[in-house]
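I have a structure I would like to understand better, so I am pasting it below and will then ask my questions one at a time.
In order of appearance the chains are A, B, C, D, E and F, and numbering begins at 1 in each one.
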């Protein structure tokens, strides 16, 4: 892990990166249930799932989101901070043994009320091994400007 | 855990519920780093944190989000499904030993393109033991109607 | 999770509740071995188990007991406390991939030496996906009386 | 770990063994809550505990039982099997940072309906670093006889 | 676990012991990745592995080493301490579901610069269920002498 | 994580890199004990440790080794593979709350019997927050040559 300073002016709309795959395991679901206290039968009860339209246990939405975001953790940019997320949507279920990939693309830059900073939006698109989209969201970063905006 | 069917018509804007507290531990941060592969020094390096403005290790945003959402898992409503989340914002850092609480309030009901369903929005507000807000988001549910809308 | 006060007088012999299922996974066995330091080959060595009458790895008895009891954790009754357990018996082995269910029934109420409290006995019966009983025990609660017994 | 065959006839009432200590950690409580889905505030909410008579978070009874039993796992006796437990009682709470010890003593031998086996009872007494008893139970073993009883 | 004092003079070159088996699980790989931050696709990405010569996910070398060494932990010898390891080699990959065994043999005794101690070398050879060697190393112990060497 | 091909010819003796810090926690020790079955009181029993010269619980050697090696996992070099480790030595104990850093330096290149490959040696030196060396070892890589050696 290294530190690499990138100011707001140097974020490029359209810049895109893709991660390696990460196989989601039964062990992941158990760990996530254990961390979050969400033991819904959708995640924990194989027999009940078999009676439902989706047939098989489903990974928690918060698990897929957490892993997908974690996969994009790369260099440390000391002048950017995570501000939040918008439009997080779960498109398809992820089952045990599926492998997910995150594609992250800078889709927007906009001003922030603080003239010293700007907002950069990185769209995350998570797909599975069949190239189906399973989740999307927008990661909002607050990034320092080299040159503050004038009032 | 029990099953309790609540149709869209019976969601009440303004209905609110609050969880017990959950203390965020060093062990939680280690588990979450281990699940997500996010080993940024903000979470893992006590010495480096001591040199930063926030002084102490910070829980991952995705950890706080996952635990806060998990705390609201209650009865199973078979006619509702989680559709996604909007406007997730991290307001203040959560440190080791802080205790968080989630207050969930139905803030909005709106139509969905499918006349058989509606959208219910449950606002989550996460506070710490000092009653400071640390995170907010809107949980979007797609809920079946007893009575489909007419075309 | 909510708080719901139920005094000794209001415990009903014969009252019964059943949980959803919980699939016991390989990951559960690893976690439990890791917590308890019980690494007997019955749990950890697939090859050795294949040479034994039971053929496949077996979940620890303490794992099944802990999960089964945990599944009955519901509302918080501030006037009841867990006093202990009697007649815990392991009837059949639980293997990786089995799903267990707990049925809890109040089977007995009796006086306690403290006139302010009574003893309520809740029988736990744990079954698997084939409706075979795998474990039983009696959970002993010490519960406050609304009205203390007279001396 | 080694295999050591001990028949029923060779169990000695009064034989006793003591384990090393095991410090119960915050991490143990988190792991056990995560395995059992018991997230009662007694274990998970430091702030709420501070308002209660016991002041500090308490380890789950099933955690102490599981660890205490696990500590007694030693040699493998292929002619003995765990039959169950009687009179499990939680005497004092165990808090984060307490160290527990198990003393195991053979207290009783009795016939079993199968003439080929006998019942051996091993009493477990769990103490903390202050030599206070925190838990007791009787571990029931079904053990093969060298010489079956005559009918 | 018991304490058993063995001085340098009593280590026997050629003395050998073998462990029970330990099945390496998917859960082990997830836990080890989570502890070490090594999320290489060799361990975490089933789809990518399928495109490689080794076809299936591989356990981390450090996982196999850690488990294999742990399996040799037996009695506590208060006059011996672990000094380090030499010639650690990974001979064959270990895949999910493989079972490993450790054979430990004292292969060498030599003087140490401190006349009060000697060096004992215990060779560890780790095999899988097909009796193929997967890992070897030499565990170096520093052991107190009953009788210090004369200067 | 990215793929970056570096052939044997391009390894530079003297090239060095340093990691961020990683704080070793009580939770790490519990997880590692649970994975390896090494529950020696040196790691698990706070009270016993207090009676020993080192006073406080010590992280397992295999834990420090595993974490320190994991910290050096960076880009994927598809023409290099880990061959093993030499001269692994534990210099000082690591206690709960200590922060470790790994410095990795290419110290040697040598021929391998296969003319298509060479051996590169990367020395790992692990220090704590007081700049004391706690562990050293040599990581041996087998690296493909751009140009095979002539026979």
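By our rule, a contact is a pair of C-beta atoms (placed from the backbone, for glycine too) under 8 Å apart; a residue touches a chain by one contact, two chains touch by 3 or more.
All values derive from a computational prediction rather than experimental measurement.
Trainee: Going only through chains that touch each other, what is the minimum step count from chain A to chain D?
Mentor: Graph distance in the chain contact network comes out at 1.
Trainee: For the sequence-identical pair chain B and chain D, determine the rotation angle of the Cα superposition and round it to the nearest 5 degrees.
Mentor: Fitting chain B to chain D on C-alpha atoms yields 120 degrees.
Trainee: Looking at where chain A touches chain E, is over half of the residue numbers used by both copies, so same, or under half, so different?
Mentor: different
Trainee: Centre to centre, by mean C-alpha position, how many angstrom separate chain B and chain E?
Mentor: Between these chains, centre-to-centre, one finds 44 Å.
Trainee: I'd like the Å distance between the centres of chain A and chain B, where a centre is the mean of that chain's Cα atoms.
Mentor: 15
Trainee: Using Cα averages as centroids, what's the distance between chain C and chain E in whole Å?
Mentor: Those two chain centres are 38 Å apart.
Trainee: At which residue positions does chain D touch at least two other chains?
Mentor: 1, 20, 22, 25-28, 30-31, 35, 37, 39, 41 - these are the residues of chain D that touch more than one other chain.
Trainee: If you connect every pair of chains that touch, what shape comes out? Choose line, ring, star, complete or other.
Mentor: Per interface graph, the chains form a complete graph.
Trainee: Would you tell me which residues of chain B are touching chain D in their complex?
Mentor: The contact residues of chain B facing chain D are 20-23, 25-28, 31, 97, 99, 129.
Trainee: Touching residues of chain A toward chain F in the complex: what are they?
Mentor: Going by the criterion above, the answer is residues 1, 19-20.
Trainee: Applying the document's contact rule, which stretches of chain E touch chain F when the two form their complex?
Mentor: 1, 22, 28, 31-32, 35-41, 60-63, 65-67, 69-71, 73, 76, 82-90
Trainee: What part of chain A is in contact with chain D in the complex they form?
Mentor: 31, 33-35, 37, 39
Trainee: For a test of understanding, state which residues of chain E touch chain A in their complex under the given definition.
Mentor: 25-27, 30-31, 39, 41, 44-48, 57
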